[in-house]
Amino acid sequence: MVSQDLYAQLHGVVVKRRGKAVLGPLDLDLLGGGFTIVLGPNGAGKTTLLKVLHGVDRLTSGSVSWTVPAKTVRQGQAYVFQRPIMLRRSVRANLAYPLQLLGLPKAEISARVAHWAARIGLSAELDVPAPRLSGGEQQKLALARALIRRPDTVFLDEPCSNLDGRSTREIEEILRDASAAGARIIMSTHDLGQARRLADRVLFLNKGQLEEQGPADRFFAAPKSPGAIAFLNGDIIE
Amino acid sequence: MIRAILIALTIAGTAASAETLRLAATTSFNNSGLSDVLLPAIAQDTGLDVQLLVVGTGQAIRLGQSGDVDAILVHSKSAELAFVAAGYGSHRREIMYNDFVVIGPSGDPAQVRAATSAIEALQSIASAQATFVSRGDDSGTHRKEMALWTAADHEPADFAAWYREVGAGMGASLNSASAMNAYILADRASWLNFGNKGDLSLLFAGDPALFNQYSYLPVNPERHAHVKAQAAQALENWLVSPRAERIINGYEIGGEALFVFNARP
Amino acid sequence: MSEIWAGMAEAFLLIWSLDADLIDITLRSLQVSLSALVIASALALPLGTWLAIRRFRHRRLVIATMNALMGLPPVVVGLIVYLFLSRTGPFGVLGLLFTPAAMIIAQVIIITPLIASITHQAMRELWSDYHDLLISLNTTHGQRIATLIWDGRRALMTAALAGFGRAIGEVGAIMIVGGNIDHVTRVLTTAIALETGKGDFALALGLGFVLIALSLCVNLAIHTLSRTEREGRW
């Protein structure tokens, strides 16, 4: 049920911003399936790594490849940003938007919109302008909007960092359901508790380098790299 | 986009329905109110839709030179003769005349009422240094004013601050004179038709030197092939006709006739 | 002072009785300025949107020029258009001088930079909001433009209204290229100038009230639109 095949490969990837290397040099074989948590302190390059895997960041050097052609890779992916990006439209219109882009028939769109609105508890707010929702509601909406297309891979960039406990729990539930339905979840966080709860595999990033990776239980029980040890210890990493 | 095209077509359509003729005429001609009476009569008798551009004599002449109008009606003989001599106008046809008058504050500090000639009136104003408003716009009225100052041995360029050049048409200049309670040279017709007289009144008139001849000059088709020469000729024929004579001589404001028809057939 | 009251009274009478001259002049004003608005919007809205989302080498220069053109004195535009359309000018053969078409041309030149500039600002802000999302969702170029224009429609309408407000109140350029010919190129603003010059305040005030009413409507519409935008409704 949880596939172990290769999904993406990074070779010698370096990403520089204004002359400074924010990521790399980095090699990675991303094995598909379940929850892959990208862990690390702030500024470690987690967002950059996600964007490279999503195909939206330009590489300074190196290469990234997926098991599907690069041009179509985003069709099967969805991305949830740290701060939810809401279209200045109603909840209903936000949910319908990705499906309209795909040209799906109206009946199908209505059905999926109704399903997901109920799933995130916003059935009564379908006609409310999305920008007026609370932070938690917006992030749930962003997640629903990402999943409504039934992508095979979902990237999430610290989706719960600005949310309260209840919203966090609700989002994690939805993600678990999505994973159970076969989606690959790749999520960054600096919340250790969340990482422990969700991870099947961990990629530990520090200062732009992939310092450690492996199955979650092995990582949390016995971290090997000094950075990971310090991080799990709760030390501040500079 | 479609709406724009429809609107453009409507505009174009309205322009093409009657025969139109563009005539540049002076502000004094329009402000007298005579044009409001003549134009409907012209349309009725000749079917011509005269589009009137009301500008100063100087600009009227320039419009005629560039061929942007089909004919001009102005009142500055020397400029008109030069216009024809240079080949811009085919000929000059005298139509009617009115006179200029000296307007000023009813208190008359320069004692213009007592003058026996136009030149004397202006000399009194200059010696008293009473506020005087000049058209200053190279119009027929302005040129007449300059000619009078010269005849009175004065150089307006040397005048002090009492002499105010406003660079405007007859109505606007009268407005300024009214506001400043100043003296001004105006054509009688515009003065009688002016609605904002304030404290001003007519102080001097009647000197033949204040004679003001209006002439009609069609733009020369040899210079500008596109001008409507036939329509311009039709208008000219009407302007010298007995019907025009009746209307022009009969036009009155407050019981006073303003223009005297003097066209020769 | 009493003259002004008398003028105002007569003005109300003219409006009340729907005076034929007043109607003719008002309709022509609307005809000229609305035509100018349609053409200017057709030029400026795509231009402003395109400038907001495309990166090309001289982009900043183009944007700076567009913003600077907003400061073009309208009367100078009128003079230049006049010189171009006069028989002695390059486009004289078209015979457009002293027609409503010339007035529309002058007004289009005056308001296009304004509409384009406001559009650009609004679209740029919206694009920076939506950028990551629209790229992530794999939108085509056309889909992006459509989304931006639809979601930014209130700002675009505000831009258009601003342009219309500028056009309807303009007098210098259209006086020069239109000639203020009675029943042909006389509009609200030029008629007010003419009647004031003649000392006929009644008609001038009547026209002035109509113009003020039109301007107020435009500005109220802008105000309402920006309020609904901020409150996120509609």
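Annotations
Chains here go by letter, A, B and C, matching the order in which they are written, and residues are numbered from 1 within each.
Heads up, the rule we're going with is that contacts are C-beta pairs under 8 Å (C-beta built on N, C-alpha and C of every residue); 3 or more make two chains touch, one makes a residue touch a chain.
Keep in mind it's a predicted model, so treat the numbers as computed, not measured.
Common neighbours of chain A and chain C under the contact definition above are absent.
When each chain is reduced to the average of its Cα atoms, A sits farthest from chain B. Closest to the protein's overall CA centre, chain by chain, comes C. Looking at contacts between chains, the pair that accounts for the most C-beta pairs is B-C. Per-chain Cα centroids separate chain A from chain C by 48 Å.
Distance between chain centres (mean CA atoms), chain A to chain B: 81 Å.
If each chain is reduced to the centroid of its CA atoms, chain B and chain C end up 34 Å from each other.
Against chain A, in their complex, chain C makes its touches with residues 126, 129-130, 132-133, 135-139, 143, 147, 151, 232-233. On the chain B side of its complex with chain C, the touching residues are 1, 3-4, 7-8, 10-12, 15, 22, 31, 51-55, 66-68, 168-169, 171-172, 174-175, 178, 193-197, 224, 226. If you check the complex, the residues on chain A that touch chain C are 54, 56, 74-75, 78-79, 81, 85, 87-89, 97-98, 101, 129, 131-132. Interface residues of chain C, counted against chain B in their complex, comprise 3, 31, 34-35, 38-39, 42, 86-88, 92-93, 95, 97-101, 179-182, 184, 194, 196-201.
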